[in-house]
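Letters A, B, C, D, E and F mark the chains as written, and numbering starts fresh at 1 in each.
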Amino acid sequence: MAIADPPAGEVHDAVVRALAEDLTPLGDLTSALLPDGTACEADFVPRRDGILAGTACATETFAQLEPAVEVSWAAVDGDPVAAGAVVGTVSGPMASVLTGERTALNFLCHLSGIATITRRFVEAAASGGSARIWDTRKTTPGLRTLQKAAVRAGGAVNHRGNLSDWVMFKVNHLEVLGIAEAVAVARTTWPGRLVHVEAIDLEQLTQALEAGADAVLLDNMTPEEAKAAVDLADDWAAGHGGVRPLLECSGGITVETASAYSAAGVDLLSSSQITQSAPALDIGLDIR
Amino acid sequence: MAIADPPAGEVHDAVVRALAEDLTPLGDLTSALLPDGTACEADFVPRRDGILAGTACATETFAQLEPAVEVSWAAVDGDPVAAGAVVGTVSGPMASVLTGERTALNFLCHLSGIATITRRFVEAAASGGSARIWDTRKTTPGLRTLQKAAVRAGGAVNHRGNLSDWVMFKVNHLEVLGIAEAVAVARTTWPGRLVHVEAIDLEQLTQALEAGADAVLLDNMTPEEAKAAVDLADDWAAGHGGVRPLLECSGGITVETASAYSAAGVDLLSSSQITQSAPALDIGLDIR
Amino acid sequence: MAIADPPAGEVHDAVVRALAEDLTPLGDLTSALLPDGTACEADFVPRRDGILAGTACATETFAQLEPAVEVSWAAVDGDPVAAGAVVGTVSGPMASVLTGERTALNFLCHLSGIATITRRFVEAAASGGSARIWDTRKTTPGLRTLQKAAVRAGGAVNHRGNLSDWVMFKVNHLEVLGIAEAVAVARTTWPGRLVHVEAIDLEQLTQALEAGADAVLLDNMTPEEAKAAVDLADDWAAGHGGVRPLLECSGGITVETASAYSAAGVDLLSSSQITQSAPALDIGLDIR
Amino acid sequence: MAIADPPAGEVHDAVVRALAEDLTPLGDLTSALLPDGTACEADFVPRRDGILAGTACATETFAQLEPAVEVSWAAVDGDPVAAGAVVGTVSGPMASVLTGERTALNFLCHLSGIATITRRFVEAAASGGSARIWDTRKTTPGLRTLQKAAVRAGGAVNHRGNLSDWVMFKVNHLEVLGIAEAVAVARTTWPGRLVHVEAIDLEQLTQALEAGADAVLLDNMTPEEAKAAVDLADDWAAGHGGVRPLLECSGGITVETASAYSAAGVDLLSSSQITQSAPALDIGLDIR
Amino acid sequence: MAIADPPAGEVHDAVVRALAEDLTPLGDLTSALLPDGTACEADFVPRRDGILAGTACATETFAQLEPAVEVSWAAVDGDPVAAGAVVGTVSGPMASVLTGERTALNFLCHLSGIATITRRFVEAAASGGSARIWDTRKTTPGLRTLQKAAVRAGGAVNHRGNLSDWVMFKVNHLEVLGIAEAVAVARTTWPGRLVHVEAIDLEQLTQALEAGADAVLLDNMTPEEAKAAVDLADDWAAGHGGVRPLLECSGGITVETASAYSAAGVDLLSSSQITQSAPALDIGLDIR
Amino acid sequence: MAIADPPAGEVHDAVVRALAEDLTPLGDLTSALLPDGTACEADFVPRRDGILAGTACATETFAQLEPAVEVSWAAVDGDPVAAGAVVGTVSGPMASVLTGERTALNFLCHLSGIATITRRFVEAAASGGSARIWDTRKTTPGLRTLQKAAVRAGGAVNHRGNLSDWVMFKVNHLEVLGIAEAVAVARTTWPGRLVHVEAIDLEQLTQALEAGADAVLLDNMTPEEAKAAVDLADDWAAGHGGVRPLLECSGGITVETASAYSAAGVDLLSSSQITQSAPALDIGLDIR
């Protein structure tokens, strides 16, 4: 089990659904026309450089279709892969290889696309400072587990897995509860969980600090504003035992701006783009 | 039932899965802290211009969470929506509205993103000629039905739904079977189905014409090459009762090049980008 | 809840599966072309006389597709219906009515077919004596609950629901265990359950009687042999408190022979034909 | 993968459901009474001649119950099998063999029954001309994939897999849309798909020809009327490049009439009987 | 297949659900931090004496997580196990062993807890007479099959598996139907099934005897009252061929009172405690 | 949405499974015998004092069975209920009320049993100090969401929802990683999540404090040892900004000892008994 591995059960179920949607009700009309006994060997080859993810899904696709198909990999999730280089090989009955090709590639291209853009964010952030990139709950419905594993393959970290993970007060909650009351009730009701508070300016940040939030999301600030927030929090921490909450910037984080936000000294930069708008990494399956 | 509507069963199941992944195992820790009886009204508001899709999923999200939440729409799937204009409204218990917000938006932003980029392709193609845009099987695993409905909302048409739909010989099949034999066995085995053949040059196109293919995929041709292919097929058709197969260009179709390909006279342009790499349309849920 | 009603959960799930197999992945291509707002009213009309069954499934089909469709019935499961007479009516958006038509009819025709042939067996048996018709576990995979309810609609009774219901020793079990030992171990291991023993001749019947079986399946006997078995069992019972086990004939029971078997005095006649080989009752949905 | 093979996922799921309905909640009460370690070998033996289908389901049944059971086959789906001849063998723990017996046989008898009657239709059609037999959407709910594979095992071809496959205008659609408009809107909305039109007389056939339908269903015609329709279509085709649409007869096609319809020159004969009303092929599992 | 084995499909599905609820959406955060390649061997060791049950679920847990994990057992379901003695061993990648530990133990402790308390009831009953212990339908929702198998592992027998198993008239039914009518209609509608009648006093018992019930539940009687009921039934039986229905005591059966009830001569004692309120048997997984 | 409410989707799915296991394959044989049109009103009445939980499941049970059944409640989850007092009422067709009775009660009794014993722990802890009770992952497989909601109904708080929630190093992990390294890698890999460390003595506690753990599980300590641990941590905190990690006692916490542990000054007491070994609260459904 490596850090970027999704749970086996999620891989299994996602592949069941994907194969069903590609084969219902009559199966692969075209591959069924190939002569019995035709075998082939085929290579997964990226058309562009990127970061690999989704290999477990590709392997599972062929395993569900036909146990006689063998899949091997020259790289693991999280590895950089180069355009034109073989990253994995499939061999077995040609009809089954071609029937599974698109399903396997749909997982591989989608998840590698996420890992690839994630890595660009990670490198951009590293070039400016020590901020980490993390993801959001803005994922594609039904694929969150797999997408968040691909984010880890890309070198970033996972924000909340879901609403059940930790407490996170957005502006809408805070208009009803107030920051101090919100944090207090969270501590009582859900002890042992991160309490994350959204702040849109330094005043709200101060309230969050005083309320004892574990993390503060600085919403839609410029890098300069973020720098001022970090300074404020550091000052505050100096007077309160030296520990300051995690500071996260959200809104407007792009590959271009990540370095500047990282340089501002915040701990984490969140991006919805890496899960919600990642272009697929073009990978082909080349029959030898 | 409008042309862009996905089957109700698919909407239901996709929402079940999306809510489960956002709420397992403890539910929404944060919204549970809101005082009982707090109600709210909130508007779906796009942050950018685009084409709407996914409203059925957003409605279903709240229906599954809490029947007391009401959802209404000022637009239907396929309508253009403007940045800042309200496209729909949710009202009911605030805790449920906030719990469902992200799931509903994940559907709406993802599917509207697909509809939006699809419309751009459609308009580009229309500016050059009469070619239609259609999609591919390069979809996100588990979401094909919803994505293909969003493509229709964008004004394009659907290529094969899946491998069970029609016969499509790719190069890999043809290296085993040969074009003439392939088309013949398809006619015998699967009568009444489109037989689609991939061709990478005019020689293969000629073979496909002679074999009687219903559609020919011109793979990775330039607009000029596509024009030559159209001319060849038209000439051939003139000598064979006037009917020529559908001609489709695939590979290298972008919003920038679609007009030129359309001008070449082909019937259909396929794009994997519209399902596989569509950026989400940013839509928010603004509490009044 | 009437005796012929299947559990609601089974109806729900069977319809989910049936609609999915008819609509994946793109929905009803044809009905989507009808102009929005087209409504219709349509009648379920048998083309031949028969016994109605499956109405709950037909109702559920339209409920899952589109709540605006209304379904009403002029008869209930188990009622005789006449060729040409309206047994139910559907009204609502025409596209949804036509989309659901085949799924609803597939349930209705299949299950009414079962009820219809069952009724013929029941009437045949009644003409010869007081034997009841019951079904078997020879059902269509995945549809047992619905088929056994249709058997009840036809006026027959249900044999074992499944392997978990009661103990039934077939010849294969008895060759390992012996009748006396088999019945004894069943009494110890599964008290309070029917113990049913297969017997192919009077000697085995005698053993079953002495072992205290609750029911004996007389396998592949002629009516005359069955009569001798009944006499033997009655004699035996006269000397043992007057109670004899249920006697069931199996093998060779047809509509033609049921009367003779019934006249032989056995209690039950089992037929696999009523679930495994029942021709569909032809029912149409006529648009007014 | 042979032409008659159903997708592995469908086989898996159908067997899961079938075993659950036969074993919930306590399992096989009777076989559990056999002494531990009792093994057996048993043969699948048809009681009547027929065509084999469903072997994948029978194999999967035992695989899910107990991996120690081994199943081998002397024939494949589509092979003719003779009464009394062994077609397959099961060996392993006797309790598991007996527990799975009925479920395996229910698949085998039902699907072989379909293949068997299909073959009779196929041979009848071949005796009169070159018309092919194809199936319909009148299938048993939840079993369409398996039934359509059994139809292929019987030597016939598959009509539409479902409503998402191709466009088919029945009389009810045409009363709203008109034939010319219907075909036109189908071409625009669903390019690359077969457009099938129902016609009840020569006038409607002429309209369908002029509208450019790809296939015409001649509904409830006699063989003589069908012959006239073929002639009309051939004449029309002679004046329009030589290509005429597929012509299909539906309604009243039986094993007795298939030869005459085939002789009329139509391309395809559709029968609902082969899926909806096929008697099971009686196959037993004989313990050695 | 031993008598205490649950059906494999139920084991599979229960484990799928249990792993999903423990791993959604991100997997095991902690074990993912272990160095790759760390392996371990670990022993299942009860902390207290008891009866083992649930081994199939524990084995399946690791099989679903990671096929490289091997599980072996020194005891089978139903065996007594001693505090401190190894009952099974797991070996393989440490991360997977720790990820599956709790799920495997949750099954094992829960089901062994049921087997353990069941055995105490069984031994108590045996000390007073020959009454058997059986369970009820008061099970934990979703776990009935597994719990009833654990009851068998404990040495008791299973009452009804569910409402579909046999007919059982409780006081509520009898107030509507009357005992004589109830038994009569059950015989007609569901022949071949046990008819069980609840009786709260000797008058109702007499009615049940006269109605011909197969089993009578003596509700909430003291051991002395139960003895009187047995005597009454025995007297009645002496005058009616010697066969008396099964007599079951329900209500107030505890480990302390079971001996006295057994001594009263009834056949069966039912306890809801063994499934509904069994304390878990504490079993640990000790890493070597 | 109140704090003790489980997500609606989990309630729905749990009830689907529970009804299926009680009704497959033939439904409720007994209630089907009641005369059509018999209606009734029935009250949920606890036989003992306790805390109510599971009302959503009971309501859902009848909703799935038959919409005509109405359910109303005089109390909500978390309310104390008294033996003999009506807590809810069901009215509608008697057959459906009796069919759903056991399933509804199984949820209600099981979950109220959890809430009831939880409340006893909560009150015991409150009598000694301010420690809160929380649960564990030792739950009944498949029911964690519902059980953890019942724990909240009982007034306690939820520990980790599952392995994906937060990082928790047990002794087994720490033997491989060491406390300092473990905490460090957790901070890097999973920022923003609680890091929980198990300590069996003061030396390990010191290491955990120095490593910066957010919470420390004091395993199997006596109240006196726990007091010493609290003192040590408080001293340490005084020198490190005043903030000390959460301290949790685990092992040996019972209703009898909870007060002493609470008095020791720890923050949280975990008990597996409240989910794993809670006796059902006896609740009946009394027909009026």
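In this text, a contact is a pair of C-beta atoms (placed from the backbone, for glycine too) under 8 Å apart; a residue touches a chain by one contact, two chains touch by 3 or more.
These figures come from a predicted structure and were not determined experimentally.
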{"item": "Chain labels contacting chain A and also chain E", "value": "B, C, D, F"}
{"item": "Mutual neighbours - chains that touch chain D and chain E alike", "value": "A, B, C, F"}
{"item": "Between A-D and A-C, the pair joined by more C-beta contacts", "value": "A-D"}
{"item": "Distance between the centres, which are taken as Cα means, of chain E and chain C, whole angstrom", "value": "32"}
{"item": "Distance between chain centroids, defined by C-alpha means - chain B, chain C (Å)", "value": "45"}
{"item": "Computed distance of Cα centres, chain F from chain D, in Å", "value": "52"}
{"item": "Residues of chain A engaged with two or more neighbouring chains", "value": "3, 20-21, 23-28, 31-34, 99, 144-145, 158, 161-162, 164-166, 189-190, 193"}
{"item": "Arrangement of touching chains [line / ring / star / complete / other]", "value": "complete"}
{"item": "Chain C-touching residues of chain D, taken from the complex the two chains share", "value": "14-15, 17-18, 21-35, 38, 40, 57, 94, 98-99, 102-103, 105-107, 109-110, 113, 137-145, 162-170, 172-173, 175-177, 182, 185-186, 189-190, 193, 272-273, 276-280, 287"}
{"item": "Residue ranges of chain C in contact with chain F within the complex", "value": "1-3, 5-10, 144-145, 148-149, 158, 161-162"}
{"item": "Residue ranges of chain A in contact with chain F within the complex", "value": "3, 132, 134, 157-161, 164-166, 189-194, 196, 214-215, 240-243, 246, 267-268"}
{"item": "Sites on chain F touched by chain D in the complex", "value": "20-21, 24-25"}
{"item": "Of all residues in chain F, those that touch chain C in their complex", "value": "16, 19-20, 23-28, 31-34, 36, 64-66, 93, 95-96, 99"}
